[in-house]
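Going in written order, the chains are labelled A, B and C, and every chain counts its residues from 1.
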């Protein structure tokens, strides 16, 4: 019996068209637009101005606090504009536009392909390095990694979990990364173990990727304390809380963090980025992005410089089919629909997913038939039908007491609802209103 | 047979008597003593329970009126001055009259004026849409057209115009309760003084972007050009965040600003038609034939 | 790009579940039981079922179109289910006018007056049945004798159901073991060779439908298992205490509407609780009430009443029985 989390969950069709496609390096674009905010936390402070010459890896925006991350230039060239430009949120946000000239990297970045396994830095130096290099969680949440690694006094971490579940349908970026960069990931994991001072790490992989499981298991024999755990395919296993429950059978308390059960969870892509940052001195300025969809001619996994326009990626994958109705940044279950395709790829973009016109429209909303499917698929043990009702009627006290804030927004409820009710839409509304209420309550 | 009737009478009568005694004592025990004036005040209120006064319902407002030492800090926007003076006479106080107000929509991004760049396809709720992204057009400040204000209105004073895709305030029904002001996630409603003969001039735009992107997003955006600011002789116009604002207390309704506005972002309402040249904004307000796609 | 992109919140994919699929799944699951009914009671059963379904769909359409003036929703299949379930609970020799009255109550009163699909607190088919049972007790409790493959329209002989037989017998002071000899064998009852309403006679056909619905994830196992389990356990205990006065678990499970109720009527999504724990409580309540009515009450059969009574408790169950929250902090 493979491990998985016990309550709820769904199993959407996987549609992993780009599985097994080698990671291609996308040619340098003519210009990049790098948003100054690509992470959760305090906004950054832009350090460059129009006309400045920058090199690849040069810092262009400084973290604006502890929970914030530096941003580096992904190309070399000249800053042509510092302005508010549309990003994937559909709002104008401060961004730096750089016209590409050549490909000149900062000298201290090690561009060789050699695997460097020896870890010379100390625990504190590693965390400092990760912070300098602007590493954020690459699974999509973009939480600054150094914050996660700085364990507050009184908390004890026993285990490191590497999230290689990739439970989102369609996406294959992490899968391909594991196949091609297994050693780097394992070294990155070892670095993380050193930074956290733990001697046990688990890499959780769903068993729809048997090649990755056997490949990493084989390689992990050379590294101390790393175990690969095969997991049953079930969405949303990639959620931190679900992953911990599946691998270690520990339940993160409501409102708590993985730290409360002695765990730290990092995405497999983050582990690779940490390897590059610590061992090769390379800031986070490129990432692997899956471009896929039923109408895409050439579903691919691209290595992309941050700030490249989404258009460029779609072009490289065979162009936007004229019958396309929706473009999603990220996976189909939790990704964000884009209102325009000229927005830049950011640190959090794990995929670009193109839906056909007929796939992109929601079905007509029917009355709730109280089939209780939403309740049984909710991995957090909530009652989505009830949360939707109370949040629609603006009964926010009830929304809070029914623990809407526990919702991880995995979308299983809306996915399964036979009446196509927008359950998660209204739960999100309730959550945002409740958060506002709590914030104003705390201020009093 | 008589026994049966007798027993029935005795038992039922006994239960009845016992219950009434219990009820009597319970009523005594839980009696709530209220100021009788609250009822009197409540009688003269409109009883719409709209919450426009800041209290959850009319009774709470009546309670507040009775307790208040000075009635001038309280105001029932629905009943207006008439109701407030009645309340004052009930309580033996006096109130100063307030100028009646009306809600105005500070957006003119109709389907004709704002090009759609995407289709919103989720729960038809403005707050959800605003939390999701900037909106169906390039203007991230304007009306989302999903009608949360109409739902919030208790007085049938608002409807969605299917042609423009914008809500319309029915002036006669509007009580300036402020429900729409609170409901709109983009803060597009303002309560403004009704003005002489219901005449009003206001900047119908909340776009704080710079001129070029604002103009690109919407034909009638305020681009922050300051022409109206220069044209106004009464200091009624202030410029902030790339847009103009007209103070309704200072505005004398001279319409100088309306004429100079290059984008017709400044609206004039209920004025007689101009003699010299046809009013510009009528062109801008002309209903378009394009019908906004329904988003359910 | 010519077309505008649509923007929606995640999730961007849908399972493809729909109300229609759920409803037609239930209808498919009911077909075996219906066929056994046709086999056992012949053309009469076909007549009752057809009239019920047509009347249910027709009334729903007419009421929605002309009385409520809303878009009729007959295509979602819920009216067909109500019609079929209603017919399943009818003896096959029922006159047409009684059927029409029952359906009108089911659709008009029990379903549409509460706001239509999803809003009704009580199972519509059962409300119709109970209404008829109280209004027309004679017609409703006169079941024709099983006459397999008889497709002539001749009035069939009538016979009491095993439940009624035993109840009547016990009341007259008969010995239970003698009475047991008069009713059909348990194999016959399991297959469906006994008197009764159209859809309730064959346990195996109903179970087949139940398994189909479980496989299609239309229902969960909680309600049928807890309801039948409760009936079995209580019946077994009573039988153990006094074998001469109380029939055993097998008798109670196979006779009357226990199976039909457990699989098709108690599991009705609209009128059952939302959480698994709640479903267990709901099923337990139905089982308990069924046995109480059957053994100690005036009616020989109590499933319909038990389900309706427990339907009334569903809002309370939903309010107080919550699913186990992930990471619940113990206080």
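Assume a residue touches a chain if its C-beta (ideal position, glycine included) is under 8 Å from a C-beta of that chain, and two chains touch if they have at least 3 such contacts.
As the structure is a computational prediction, the values presented were derived from the model and not from experiment.
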item: Chain at the geometric heart of the assembly (C-alpha centres); value: A
item: A-B or A-C, whichever has more C-beta pairs in contact; value: A-C
item: Averaged-CA centre spacing for the pair chain C and chain B, given as whole angstrom; value: 51
item: Averaged-CA centre spacing for the pair chain B and chain A, given as whole angstrom; value: 41
item: Chain A and chain C, separation of their C-alpha mean positions in angstrom; value: 49
item: Overlap residues in chain B, where contacts from two or more other chains coincide; value: 117-118, 121-123, 128, 132-133, 136
item: Two or more partner chains touched - positions in chain C; value: 5-9
item: Set of chain A residues in contact with two or more other chains; value: 90, 337, 339-340, 360-362, 422, 425, 428
item: Chain B-touching residues of chain C, taken from the complex the two chains share; value: 4-9
item: Sites on chain C touched by chain A in the complex; value: 1-3, 5-15, 17-19, 21-22, 76, 78, 116-119, 217, 220, 269-276, 279, 318, 322-329
item: Sites on chain B touched by chain A in the complex; value: 117-118, 121-123, 125, 127-128, 131-136, 138, 140, 209, 213, 296
item: Sites on chain A touched by chain C in the complex; value: 7, 10, 12-13, 90, 169, 241, 245, 251-256, 320, 322, 324-328, 330, 332-341, 353, 355, 357, 359-363, 366-373, 375-376, 378-383, 385-386, 403, 406, 409, 411-412, 414-420, 422, 424-425, 428
item: Chain A - residues contacting chain B, complex; value: 84, 86, 89-92, 337, 339-340, 360-362, 364-365, 422, 425-426, 428-429, 432-433
